[in-house]
Amino acid sequence: MIGDYTFGEFTSILAMQGFAGLILFSVFVLMALGLAIIFGQMGVINMAHGEFMILGAYVTYICSHIVTEYVPGLFPVYFFIAMALAFVAAFALGVLVEWGMIRFLYRRPLDTLLATWGLSLILQQVYRSVFGAREVGVTLPDWMMGSIALTDMIEIPINGLFVMALTLIVSFAVYFILFRSAWGKQVRAVLQNRVMAGAVGINTKRVDALTFGLGCGIAGIAGSAFTMIGSTGPTAGQLYIVDTFLVVVFGGAGSLIGTIASAFTISQAQSTMEFFMSGSMAKVLTLLTVVGILMLRPQGLFTLNIRR
Amino acid sequence: MRDDVPGNTLSVSRRTLLAGIASLPVLAMMGQPLLASDYPTATVNTTGLAVTDDTVKVGILHSVTGTMAISETGSVQAEKLAIEQINAAGGVLGRKIEFIQEDGASDWPTFAEKAKKLLVQDKAAAVFGCWTSASRKAVLPVFEQYNGMLYYPTFYEGLEESPNVIYTGQEATQQILAGIDWVVKEKGAKSFYLLGSDYIWPRTSNKIARKHIEKLGLEVVGEEYYPLGHTQFNSVINKIKLRKPDVIYAIVVGGSNVAFYKQLKAAGIDLAKEKPLLLTISVTEDEILGIGGENMAGAYAMMKYFQSLDNDNNKAFVEAFKKMWGDNIVIGDVTQAAYLGPWLWKAAVEKAGSFDIDKVKAASPGIELTTAPEGYVKIHDNHHLWSKARVGRAKLDGQYEVVYETSDLMEPDPFPEGYQ
Amino acid sequence: MHVSDTEQKDFLLAVEGLTVSFDGFKAVNDLSLYVDENEIRVIIGPNGAGKTTVLDLICGRTRPTDGSIRFSGQELTGMREHEIVHAGVGRKFQNPSIYEDLTVFENLELSFPRGRNVFGALFFRRDAEVRDRVEEVAELIFLKDHLDTEAAILSHGQKQWLEIGMLLIQSPKLLMLDEPVAGMSVGERIKTAELLNTIIRNQSVIVIEHDMKFVEDIAHRVTVLHQGKVLSEGSMERVKHDPKVIEVYLGH
Amino acid sequence: MQSPMHSDSTFFSRQGWLSFVVLAAILLLVLPAAFDIFRLNLIGKYLTYAFVALGLVLCWGMGGILSLGQGIFFGLGGYCMAMFLKLEASTPEATKIQSTPGIPDFMDWNQLTELPVWWQPFHSFGFTLVAIIAVPALFAFVIGAAMFKRRVGGVYFAIITQAVAAIMTILIIGQQGYTGGVNGITDLRTLLGWDIRTDDAKLILYFVCAALLLGCVLLAQAINISKFGRLLVAMRDREDRVRFSGYDVSNFKIFIFCLAAAFSAIGGAMFTLQVGFMSPSFVGIVPSIEMVIFCAVGGRLSLFGAVYGALIVNAAKTSFSESFPELWLFAMGGLFIAVVMAFPNGLAGLYREHAEPWLRRLLKRSVARPAVAAAANTAN
């Protein structure tokens, strides 16, 4: 296709396309990190992950309304407050769900799948009853809209930059929480040997609840960030679930680095293919490739070759 | 038609239905009410429909639950308003309309099932309903088999002409051709980028648009489809930037809409600058609520009806609608088309002097409605409506400003020669 | 006892240069092992020495990184688990692995080597041959009176026997038993030793065991593993007095 | 020694036969007598889901393989049938309005000017009947072989089948010139000249559907009581033991997955016949998961439970959505959670624990039931 364009145009588009891929990558990472913790680390299949994201989105929506109504002065920065609240709300709901449901099902991963699917239906209807069936839009502060024009052709969407920065922060935060903090050590101890961890005085139940909550909370942040990009409706969460699971599984459950690598691979593949063919076919091809590779390498991209 | 708009029951505002009656001025033009006693049931109903000496039963068949509820709610409201107004003005052949509402639940077999129930069990004299093409395709055989009347409100892809259906929305050529001519003439558009959600309506509409653009000697520089519910449009936006079309012709639907327009704006394409200009046939005032006026402002839509339409019929209609369903409500093209259904049926029944389906069918072509909010409509022999085509420009407040309308009515042409 | 004239003999099992590494850690490192026909070989070693991994490698549960495993003339590496079983290798797991919902009879019947493919299993009939063989094995493993008992309610030791019986009914040429007497009473151990000495009339056995008394009762030869390698090999007597073994077991 | 279990001949236990007769009586006598043809047609539609649930009992309940993509096979079966019916409905006379008469209408709308090659064989009814079973089974074989040979199971299998269902939906919708797109294949009229839209036809189709379903129950039961059935349960609980007893576990899984696919496909084909069209909305993720819940509600280990589960959940769905549409999702979601947490063996489990002892006391039957849990599970 280079034939039709000047060299300048071609490089610009390469840059733009690379950037589009990076945004998609950030989106995938945000979606998948929470799930990677819950599925990869705890072995729980949370089909309601999308609904936790939408919870974050609705929290942001409410915030934008309250802020415009009562404290318009805060409007330019309300998004940060909204994200914090989104995390708290999703975290709290996550802990509640873990306590009320998940903890009874740790030995039955397939059953967590069904139960959380039920949960997702209920949450959808709750959203619908509370917020109405219509898609709601969130008004963004002006500084978050629009783009930075680098050249005539290359324009960097600010919200894209924002999502990328957010992804970076969240990923590092997760890394520190899980791999550098005392609590993270407890989490990993429980995952590796629940009985032993209990025996040395770790409150395994609390660790479970908090880990699940953390995963949900990250979903909440993701949902909050997505209001900048997409729509918020009661059933919007379902759109993400298959993609998200594929990212985690493709990366190799249990490996956060794998999740990030797989998000990168899938997003770049999809974004590149979208450029050369119709969106539908790009999607089908991406999914097919992922499924195909998973069939050849079911353990995913990154996984420890462990001794059984 | 448009599909997969996530959502569900918009809790119908509980205001009294009687509010609608206050809008009687609309009815002044409808002439004197007819008396049921002049039309004995035995003669006006020879096929065993649910018609008594003072009532007639009709069906309303839309999705109240499921993903389509969000879109179909407006149609239900409009149909109820029309029925209310007709009853207040004396009913049909002197008989009050009673409606039976069924939920299609966004599920096509359920539509077929409920359509059958309305026709077989309830003996409905007419059914107002359906929204997506898929639901219409599902019920069509039922209406043909049991000989019922369906009034279908949505703008759609055409390629269909059933004696049992009156299509009160525009078919694709009516909606598209005039609008394209207009952007070419007024805006000097030379190149187009076609984009759509991946299913029959956008594909067929784009096909018609492409043929028309090529007939005009202009260029289509790209044509793309994305799966329903897709939310990442950065790649296609890049392509658009690269190809630099004068017009983005977009038929994105549902949740994808929101993502598409937000990302378009974020990528630095300000629709208000009209470089490129965006032309759509899928975003009514209803959809703008979700997209946000600030993301949509400056885009052009091709419809036959906008809420801002300036005529007496429409003023009365909007007022009555808001009275019945609340001030915050917006009215889109399909809602208005749904409102026409009961009125067109009433006119046909009274012209035929009978509720019998076959007579209503025969009487329908040529029926006129001077009181339509969109102005004047008339039923064509092919059961679609003659109607004007209009172009509106989206404003920040989520309303459209009408910038163009055809001087003549557009002839409906569901099987357009040369566009297939 | 068996004299070690290893060079000339045709071994039933010849493991050579076997290595497997998990992320760089060599759980089994260049290990060689030869088992004769009708021999009871016991593998001992401290925890983590790689005993179970060796069995896993032989029966195909784990794929070796390097090395060869020859079993009565066939190369086992690269064969799939069920093919290895068909070649004549049976494996008992460390924890009794039986079908708890089924009766003893059904447990044994499921292991009977007929109807092992899909359609064979669909059209499998419980005929006299099956019954006779099940009873025969049940008698061997001291469970003749428990044929209709649901396996879940057997004692731990009986479960161990049942699993051994499930191997025996396949008439393998080599049985590999991972801690067969763990959790058994003294009486049961004696009976198990008896059982093993009966069955080697037709087959060889590799046993992993910690119970030294039991090892002495049954072993023809003992192989001591340490850190994935053979530390010592030979008769129980010899191994017991090998300074390297003493070092490993008694520590420094 | 010669206790009942050792003789291999009991197909059903006594209670099992009773259950079967009761089910047959309900399907073939009670329901047709109690409901008009409109409702009966609906019930016939529900029964088509029971085929899927039946397959899931074998595949998931017995074998532990949870497929979240059964909609794929339901859809494939339904589409095969729909293709045949559509070709029959698209005679040159019926389609003379098209630019290319004689091909299905949606092809004409998408500028196809001749029938695609792979549609051609669906002119033949014989081929179609074979294809209804063979196409989905073959597809299941490809998926199953790829996954099970590589030991992909459990959660991974569920997620991958789900992704395949998503791919299928996007493909069917995207390739609308060949598949009818999101509208599906509609306006099906006759089967070998026999009008399937009349009330009489619907009645006959209902009985065909019910009879096929009963046949599938018997077939599933035959598998259950065979050594294959016991192996399936054994594999679910102790896969390694089965493998090291010399069985190629993957082959068994592939077979049962294909069989479940074939059951679903029969359901899909009967769906098309009774409802009169087929669309991608039965292929995707949501319907596939709903089908799992039919099975779970009925009891994932019980063949009869699966049938009742499909009937009851769907009847509840219809009546709920008629009277309290808002509550439907709450009810459905609650059902999922309740089934998983409170009664994992579904209705069948409840029946066994509560209703059956009571019934037995009532009937003063003191026949000792076989102690084998597996046999009892399947018989009820």
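The first chain written gets the first letter, and so on, giving A, B, C and D; residue counts start at 1 in each chain.
Keep this in mind: a contact is a pair of C-beta atoms (placed from the backbone, for glycine too) under 8 Å apart; a residue touches a chain by one contact, two chains touch by 3 or more.
These numbers come from a predicted model, not from an experiment.
Chain pair with the most C-beta contact pairs: A-B.
For chain C, the chain with the farthest CA centroid is B.
Located most centrally within the structure is D, per distance between chain CA means and the overall CA mean. Here the spacing of chain B and chain D, counted between their Cα centres, is 38 Å.
For the pair chain C and chain D, the distance between mean C-alpha positions equals 44 Å. Of all residues in chain B, those touching 2 or more other chains are 8-9, 198, 225, 227, listed in ascending order. Shared contact sites, meaning residues of chain D that touch two or more other chains, fall at 170, 173-174, 326. In chain C, the residues that touch at least two other chains are 61. Of all residues in chain C, those touching chain D in their complex are 59, 61, 80-82, 85-86, 90-91, 93, 97-103, 105-106, 109-111, 113, 115-118, 121-126, 131, 135, 147-148, 150, 163, 166, 170.
The part of chain D that touches chain A in the complex is made up of residues 66, 68, 146-147, 150-152, 154-156, 158-160, 162-164, 166-167, 170-171, 173-174, 285-286, 289, 292-293, 296, 326, 329-330, 332-337, 339-341, 344.
On chain D, the positions that touch chain C within their shared complex are 1, 3, 5-8, 223, 226-228, 230-231, 233-234, 237-238, 240-249, 251-252, 255, 371-374.
Looking at the complex, you find that chain A touches chain D at residues 39, 43, 45, 101, 104-105, 108-111, 113-115, 117-125, 128-129, 238, 241-242, 245-246, 249, 278, 280-281, 283-284, 287-288, 290-291, 294-296, 298.
Residue ranges of chain D in contact with chain B, taken from their complex: 38, 41-42, 45, 97, 99, 105-106, 108-111, 170, 173-174, 176, 181-184, 186-189, 197, 275-277, 279, 281, 321-322, 325-326, 328.
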